[in-house]
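Since the structure comes first, as structure tokens, the remarks are kept for the end.
Naming follows writing order (A, B, C and D), and every chain is counted from residue 1.
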Amino acid sequence: METRTEKIRETAKRLLSEGKVDLVIGYRAGTIPLRTAPYFARTVEEAENLIWNSHCRINLANFLPRRKDRVAVTAKGCDARNIVNHIIENQIRRDQVYIIGVPCEGMVELDLVLEKEGRPIQEVIESNGKLTLKGRDFSTSLDRAEVLRQNCLTCAHRNPTVYDELVVDQVAELEGVDRYVDLKELLAQSDAERYAYFQNLVKDCIRCYACRDACPLCYCHVCFVDETMPQWLGKSIDPPDVMTYHLLRAFHCTGRCTDCGACEAACPMNIKVRQFTRLLEKDVKELYGYEAGLSLEAKPPLTVYRPDDPQEFIK
Amino acid sequence: MTEEKKQSEEFEPKIVAFLCNWCSYGGADLAGVSRLQYPPNIRVIRIPCTGRMSPKFILEAFRRGADGVWVSGCHPGDCHYIAGNLYARRKFTLLNNLLHSVGLEPGRLHFSWVSSAEGEKFATVAKTVIAAVKAAGPNSRFVKLRVEVA
Amino acid sequence: MAEMILKKSDLAEFVKSLLNDYQVLAPVKEDQKVNFAPVEDGEFLLDFQNTFSSPKHLFFPQSEKMFEFSTDRADEGACILKEAGKKTPPRVVFGIRPCDAKAFQVLDKIFRNDQYSDPYWFGKREATVLIGLGCNHPCPTCFCTSVNCGPFHEEGLDVLAVDLGDGLLLKPLTEKGLKVFKQAKGLKPADDQAGEKAAVLKSEAEKAITSKVFTDQIAQRAVMELFEAAHWERVHESCLNCGTCTYVCPTCHCFDIQDEVAGAVGDRVRNWDTCMSWLFTMHGSGHNPRPGRKERVRQRFMHKFKYIPLKRDGEIGCVGCGRCINLCPVNIDVRDVVRNMNA
Amino acid sequence: MQNPYQPYPVRIDKIIVETEDKNLRTFRLVFLNPEDEKAFNYTPGQFAELSLAGYGEIPIGIASSPTEKGYLLFTVNKVGSVTSALHNMKEGDLMGVRGPLGNSYPLKELEGRNVVIIAGGFAVTTLRSTITWMLDPAHRDKYGKIIFIYGARTPGMLLYEEEWSAWQKRDDIDAYITVDREFPGWNGMVGFVPAVTEQVGPSPENSSALVCGPPIMIKFTQPVLEKLGFSEEQIIMSLENRMKCGIGICGRCNVGPEYVCKDGPVFTLAQLNQLPKEY
């Protein structure tokens, strides 16, 4: 992690001082433990604030759409895939963005750490795959591997797919991971059980739309939830409205979702909102053989068709 | 006859049918002109092409209390706009799977290709759809009833 | 009536003795989150940091029916709004943190202005007795002592409880609090020692709050000077414009009013809304007075730290509970923003 | 105590199509309960929330004057979902009115002064109320000279033709009605409101100007008034912002610390110059 931080700073300073980019989007240290914040370095001095650690959960591709300036951005495997999405969807030009690739070994799940260590944490030190947590009269340590995010544990693209340079050597990709074991179990249940499962999943939703706003795919000028004529859903926390929101949000990510987990990282209520997008991601992969953001050339699945696409369900 | 069974026999579902202007809508018309009988449970909404279908429409229909939704368009290759239905097919596939995965009961959501010459097919599919929705019973999922809040 | 002692072993008796006249709510852990829930005995938490959600929903639910109506033209009085009129039963909320109680006191001044009073807020406020629980061990993100509040602050509470270890010292603060004392069982008069112990805990807790902000310059500066400050150019850069900070905030109170119709009946519902939302200020004409993230982020902080103090006798629209610091997905730390505003 | 969110029930007594595009209609509302009419004690410049069960509420300036008894007038532009629903209503239909809300034009402070009233487009509504009130025999001699400048894009887009043509005939008000360009059959003034204001050249001496119109008109009228010598205290404007509660709580109409719904909608330019331009 220290190497990554140093290399990122070095690269950022070089790019800024050479005038190659107007700013570098990366992370700065959080003001409290276990957090980072997206950071926009515009000067060599500011580049000194850039860091890399196990808490870089927010997807920085989210800050690219509609930019006019030339930007460099630090990108994990998933971030890079979302940058590819943006380029394909004409949200940013390839020549406008300098991708500082950061091969990734997974990010830590904040809620899991907080759950495992019930006491308030005042300081976290990270080294050699361990997190040392310090609080008022205690100090314990956790293995990073124990508290990785679920999407990181099953990630098939830890290395950036597209980049201008890498800050460290590529990491080994995980082999033979079944990304959808839990979904398959879920889908084996009855429709009533699945209905109950998903209703229960979103019961705490407060409609803050953090999942939408943290998602790099959600860049519409007017989101469907803000449409008023017609108004597609009520604004209360009535369960059918909440569910409609989550279904439509997920569907809008079809064939575009990289399972980066920014939505879940942003959710203040710890709702596993990826369960919706993963269902679609799984189908897109199985039916159309497409994974988002792997190449600048491949056509997204909903922009193309094949004459022999499956249609057994159509009468 | 059990009470439950009697109720389901009396149940007349409301089904929203989104029909493509260029084919299935004509199919419905032809079925009518040809005096082909099918039960009157279907409320038709004409759309310019199945490519115009948004998942919002389907969810909105269920939200507003539809017991079933049926989307019907041109056969692959016959789209008035060349390929609207072929793009739509992928959306329908994924949406159909998504809605069933999150607990939509089987028999509520239907898709078909019916041309404007297929009055008979229209009536047949209509009967199948109505029978399936009847079998599924009144819909209680994804339905917005009177707002449930404090 | 003087201060009383409630032994922890008598908690269940205390709660049970109130159940005849009150619904009792206390902090309970469910799905890894501590929140207020109805209790019927002593099975609840005294050792918790703070509730996950701000307890403002006790008086200002996220969604609340205001009126109901019939849309059936055949109905006499169709389309005429009738009060939904759900009455809140008398409630005792046990274990509310002083910061959250202070937030209610701030909100009292917002839901009642010189002309109008919000019956939904005050209906529930008046029906509720708040028994606060002093914070012996504040969190690292607490900064209540910087914003007219503190770990043992009494404003907004009816009773303040202090956890002395084996028992609680209960100090009545209002008539409503005294009324509960009269009905409750399990209370014993407190001796001087208990009071002294509580005073020590209080000063230790205050000392433990090391995170400080200052608002003196904000109070002195003109609205436009603060509004046009350069730091706003940076604060919003990382903001996602989600509503998390506003929804978890105990003093954020903006709301939307929506009509919902089901068949021939309808309800007018009010829902929490957030100034972070694009739609919040959007005009019908398409003009938006706060069109971007910068304007919306600025509005939230200006509202809390300048506009509310200006309009509501110097009250600050923040009680230093730290929820937004912990839950902001991009770590926008209110303390940093206030430091910039005050710099 | 009366629930401030509860509208008074009213009946739509009459609907008048005001403009050629049919997008502006005036609704004459009559209270179902006479005691509600008494309680609804308003002053020109105030607004009310029109409430349509099932659609919601919209804040609309009151176009009638308290001197016109027995009804309220609201002129509504068809823009969003509530106004569209309102435009679909028929005479005899029931709806709600909540108010009166907001402050008003400072009619008391204006006593003994000349009043210049400048309006553009359909922002003229609460100014119609003001003029009607001032011209009432009970009030007219409290004010000095009254000058009314009103412009719209086309003759067909001018509201309240009956009223202003009557005012044009009176000698206790100077009414200048203008349209943006020449139109066949239009014999009145031609030109934008700022230009006409400059042409009319009202004196700032012991005068106040009430200005209400689209942002572009305000933007160009303000410098004209300043050039004529009007100080920022002498220029009075009415704002509008998206609103919900109308009683200074829900937060969306905030312009700095001021709630447009309760502290406004009427502000002097001097006040507005101390506030963010978030309107």
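The criterion applied here is as follows: contacts are C-beta pairs under 8 Å (C-beta built on N, C-alpha and C of every residue); 3 or more make two chains touch, one makes a residue touch a chain.
In this text the structure is predicted, and so the values were computed from the model without any measurement.
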item: Comparison of A-D and C-D (more C-beta pairs in contact); value: C-D
item: Gap in Å, rounded to a whole number, between the CA centres of chain C and chain B; value: 47
item: Whole-Å gap separating chain C and chain D, where each centre is the average of the chain's CA atoms; value: 39
item: Inter-centroid spacing, chain D versus chain A (mean Cα positions, whole Å); value: 50
item: Set of chain B residues in contact with two or more other chains; value: 144-145, 147, 149
item: Overlap residues in chain A, where contacts from two or more other chains coincide; value: 228, 234, 236-238
item: Shared interface positions of chain D, touching two or more other chains; value: 80
item: Chains touching one another, given as label pairs in label order; value: A-B, A-C, A-D, B-C, C-D
item: Residue ranges of chain A touching chain B (in the complex, touch as defined); value: 186-187, 191-199, 224, 232-234, 236-241, 243-244, 247-248, 250-251, 254, 276, 279-280, 283-284, 287-288, 301-303, 305, 307, 309-311, 313-315
item: Contacting residues of chain B [partner chain C, same complex]; value: 144-147, 149-150
item: In the complex with chain A, residue positions of chain D that touch it; value: 80-81, 84
item: Chain D partner contacts - residues on chain A that touch it in the complex; value: 228-229, 231
item: Chain D to chain C touching residues, read off their complex; value: 1, 3-7, 9, 51-57, 79-80, 83, 93-96, 215, 240-242, 244-245, 247-257, 262, 274-279
